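Here the structure comes first, spelled out in structure tokens, and everything after it is commentary.
Chain IDs A, B, C and D follow the sequence of writing; residue 1 opens each chain.
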């Protein structure tokens, strides 16, 4: 499956069988058109969050905000919107809604009027002790306006006794636990911060005299900025008129970057932690071809579009021709808001069609990046078989997804993960393939340049495959989660919004 | 001028020469369709606020909210909106925006997640010490989300050490100063409260087992509820399943109801403080006829529609025929959002036309309720003269408006009030009439049933005429006002909204 | 009832108990801002048609058109719309939809690309032989695009063998039968035409060098034009750069202007056929007071707003005080598009409220202009009685409406007219009044300045009261009517439009 | 470039350097959900026309129509729209607007109320003598409502003296000249027709008892219908309850199918004239690799997405690896309606990003399907060079496009075609490549299965490459064209539409 799939899901969940990144962030300081640059950056990061977008800019005196549900382009392509977002500094955020509570008040960046002045912040990730902190703050008189984790951070700053913004923020982030990369703008500073494990990405760029922070390097490319380096795990950077300072607000820990960014989340044209994402995916395909070859295979067919780089890697490693055996319809947009039953039943056919000439009587190797619930895989396989394929073999460029993620990725509950309760053969049967193989955990580590997984001190966060959670799950253990619903102390607030 | 005029102003300020009520409130407890009843009540109170409307309902467990910019009908006439607002209790609010900051986050009711549970509140009026309190709260760590006075109340409750909602609210209202009537819903209670002077109105109604609170009795009529009584100045009523309790959270003071409600703000079919508003207006017209008769008058012509009751009173008292000498066009709606210059120049003619047959060669007495800046009066007089009137005499059913209101009425700054710097003769010349007369202050008091104004202990708030402000203007004296702009501690937050 | 009522009906037919004018027309020649002038003229004529509006302008070379569903203001107040409608000549049209087929293609003006050049036309009225002509034209190869009568006229012109536009139009109008006033613009001419009986109105105005044609004089007032004269029955005026010519395309006949224009259709500030409409209505009220006085009456109460002038006339003639016993809510707009059942049941209360102080224990005389089905009258009377009236007497300023109109007025079928099958006492009982009286036919003629009805040669069209149809009902007699539905030759075309 | 490109262009013409198919058609007879099936078919044909879509259905008695500007999904995915389109027969149309006159009245299908009953028709293609016929018809009294070619057909039918629909249509199509495939529905028949040369495609499918006509087989696949055969050039099929009849309304001629359908217009998963389009494109890539190899090439990079199949063919034939050297952003939607200047300047970067890891220091072979103006190619090459490519060689899977198409393809005027006035070397210099090669005309014929072009009797229409126009260009020679603008006989009608 692919990003267009993601795009679809948010509007009509016929089918959605991928994990999704929940947010993208962008920040810039020192550019006269900071808001336009931010809109472009968010456009390039659209795959990390499609439900809503927001920008806050700052001109040295005042803050300006605009947020809306919908894609970045539809919100920020209008001149009159951008022209109101004045100033030389701005931060922006793409949001992928995880629950029904996709209301505007949860859209980031969040702005707070602290005693020392305005403060705007946006983050990518998830706090694992937000609910606990929130309950404590509410009991002391804090009024929360959203169900967003981010608001916990600003309330912690508001009640902090420190007297400047950096110290207030340091104090706040030392109380929170989680996987997050944040950008903030306050009294003539842009701040960037990555959690101690560096689970979520954050990169630094430069364009002329302006500094840029972004979730991925593709957001630097779109505006023509140069990539400088990754922000380090646990590093806080403060950018102002004097330049950039690097601070270390946390006690040191070791890096565990999310390995699934390589598999699926990131754009293939991005570089992460020194690697080309496209190259990593091709490497994964090559390892997969070696680990799980298919005898007498005629064609390697990607499940478009996310399976394509791995399929090319698999094809080149195996020598079996790569063909577009499944054709995407480019016009599956966000508009099937009220599908007729007839249209709903078609499911996958609205988006894909079998390229019969290259499937009929062939031994087909389908390459996809992951299987979550298995629902879409089943339909894809049916379509390929209906087109006359002799055999269908599925190869997956990640290990089985058997555990939920609590670090800013939208995952179904563990019960819905097909690999949680079923072994390989059962899944193969369910989706109707002649054979099914996943890359091994060690194979995946090798593809990204390691000798294998160091089980004593794993080099990456791979909790979704291994269940080994890098960051403590405070709220989950306590039985509540601010990321899923608002703390309910007897009452719940449900806000409806006009369509 | 009239309410349609108000309606217009908000969309296209060709002309607007009236003071405006800033809000209407409604609350109901014990009705299975509480939100639909509230929508109807707000519809009847639409003249008190046209820019935005909101309803919060409560079903004993959860709260439900819907707010939108625009008229009540366009927001709440849809079944799908009302059906989401479940429960037996609800409060609603109409808002007349006073500044450019008409953003959705300022639309009431405001909801807060207090430690003891949810709390929703809406008020009509204005706090005169909101800015001072707000600054203090922010310094202690409260984060404000809006620039609304109402939020001050809920933050005061949030930081209160009291442990139940009524005590928290009592504690909060003893810190605020202002003219206000509020309705609130919380843990299975509806609360109503009127400020100690009772400047803004609030009435109690009953329909079957349900209690209703509303700004005016016309909101009881629309749903077929019975009028019970006015809420007393300084009275707090608490309505729950056991019935209604009356509390007295304030030290006693004397009543000073806003006399301008009789002149213009209230609907003529409402009853206030025991009086028919229509009858009061006719009485005012009759007093005006006695104080300022016009020799050889041929016709009494109301400036439609708000001048009509007084004009009828003037006609009946003087024996001069009442005629519709100015005809309104019913189709001046909210839609001239982008008028061409040609259309803009027409001004008053879009809304009114002279009824030439009854103006030509006549001595005309125009009756209007007030003159604020004088701009519209000038155009009306020009139109009447152009239709051939021999003489035009203007009679105004209120004393000269020479002072701004700080108690929940939208007034221009004092400099813009024509009566602030000009005497009667100057104004008559400016608007082009042969004579101009206002009712006297004592005449106005007589018309509403008093012997005259008791200057030692005035029976009404009449600050806009006399400059005698009933409630202390704390923020104004300190030089800041939370009702006009957000407290700015170095920065301002400007949020834009899609059209 | 009143015009606001009409406005409502089109969006939510809770209740609608009036006949309605179906169209208003406007034309101008020789003005640099002809389209803006036309938009203003249509604004003043909005009461003659609320469903749709269109303007076609002409700059001497090209034609420009804009049409839309909705009120004039919402369509034509935008600068970008008006600025595209270039030229020194323009015609415009307001349309009141009579059937569900309110689709854009039926919105006038209609434009046709005749062999000799462009021709745009709009009319107010109805052709009574349109279906017969249409069938004949279709059989000969004409393709109709709309179900509008107007298209019959342009097809007749298209197939005419005459070689200039005026002759083509003359030839066409000598084939059609009906009640209509039309305006047209073609090769640098503005044309106006009134049917031989002059049933529908059309007036001529002048402003500087520009000529104006309009349904009513109020459309001249709004742009500051001078009223010149009524176009005569059967007269065709041709206006071009050389000035105005008057032609007589028909054999002579006698005038029978629609008397109901005086009773209700026209705006009270208009002059028609030499009379002030407001004055005619007051005269009718005075005649009614003499014909049908009410003993011991306490108050004369208009059913707002259309009953007001007659009620003033009745009050002045009877000496009984005129009071606003029913108060309108100004905010009943077009927006109750999807009313909840709760709201629907309220009916009349959304729009009106009883002014109890002036109804309780009173003998009330309600004055209204007409009763069509009787449904609204019943609710109004109920409301007045519920407010405590001792007696309620209804006085109607027209004779009983017992026959349908086929001349451009939206009437229910005869079966739905309460006066068709019921006598006065039955109707009084149905609507719940203590007494009911209509003005007599002769009384109505006297009020408008005649000695009475000349039954041999009636001075007015009064078919709705008398059943005496001035113009032959060709299609009705043949059993088909192009004004109600498209000629159906085996198939019907139903076009849906997005909301 | 690719179809998403097309999609973009219609909303924001930053850049558009492809020829475009102007229409797609679909028809179905004998299915209870004919309109839903048609909506799906149009969805699959969306690449053939993105500006507007329409469906007319027929239930044996009445016709139902819905048309709108915008994509099929946004118009037809709503249940309430589809449910109004009743009946067992339907036709649908996608339209790609060629001029500014994209008004709704030009959206097909066109419906006409012929004397014998309703008739709805839609076509893909262009008539080359429409203007001449139109002028003649207007002179005889026909009134045209649109500037569409299709209306010429129905007017010819209307004035035909034949007495049944099939004979009327036969008579009409024998007067028109052009390249077109049409579908029509009338008195319980579905009709399909392809012009004598069969320039535009039309296929026949079957699903249960229902027959389907569609521009491409992918529209059969989406609803699960079986492909039966291509409609033959000059063939008319009539489908009714008794089944399918094949008629031959024209004198025989030889087939000249549009060869560019293989190169770019058709979807790669469609079959046309017995060939897999994807396979044809791979063959073209293979021929191109042989005709124009690149020495020391490192990577074959498609210009996404339309260059992909040819690039795979080129890679497999040459043995040089295929890589996604240019990554598309999936989120370039239709929404940049009002781009800021900043965004406009970015051009190609909004849609594409260089995959640096696979371009840096590489000899890159870019494969694209065509170069029209050359503007986009230049930007793509710049981007690839900026990413560090050592050499960039462009290979084009069609011969130079040096002539405009008048057969239903949107082409710029000949002057704008870069290959019209420039030779290969000049173009190579302009777009900045180290070498540029197009496939030869004979090579293209070979790739699609011929020995080469038969210059005496060419097997395909290839006018855009050779200037050899299969169908006579009557209007072009006469100097007027109804497909580009309305016949102007002294006047032009410009209709504006609300956004």
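FYI, contacts are C-beta pairs under 8 Å (C-beta built on N, C-alpha and C of every residue); 3 or more make two chains touch, one makes a residue touch a chain.
Nothing here was measured: the structure is a model prediction, and the numbers come from that model.
Chemist: What chains do chain A and chain D have as common neighbours?
Modeler: Chains that touch both chain A and chain D, as defined above, do not exist here.
Chemist: Chain B to chain D: how many Å between their CA centres?
Modeler: It comes to 61 Å between the two C-alpha centres.
Chemist: Measure off the straight-line distance from the CA centroid of chain B to the CA centroid of chain C, and report it in whole Å.
Modeler: 37
Chemist: Let me have the rounded angstrom distance from the C-alpha centre of chain C over to the C-alpha centre of chain D, please.
Modeler: Chain C and chain D have C-alpha centres separated by 49 Å.
Chemist: What residues in chain A touch two or more of the other chains?
Modeler: none
Chemist: Which word fits the touch map of the chains here: line, ring, star, complete or other?
Modeler: Looks like a ring, each chain touching just two neighbours.
Chemist: Run through the chains and report each pair that touches.
Modeler: Every touching chain pair, ordered by label, is A-B, A-D, B-C, C-D.
Chemist: Give every residue of chain C touching chain B within the complex, in rising order.
Modeler: Counting only chain C, the residues touching chain B are 2-4, 7, 33, 36-37, 39-40, 43-44, 46-47, 50, 71-74, 77-80, 82-83, 218, 221-224, 267-269, 271, 276, 278-279, 305, 308-309, 312, 316, 321-324, 327, 329-340, 342-343, 346, 349-350, 353-358.
Chemist: Which of the residues in chain D end up touching chain C in this complex?
Modeler: 58, 61-68, 75, 81, 84-85, 104-105, 111-118, 138-139, 141-145, 154-155, 158-160, 187, 486-487, 489-496, 498
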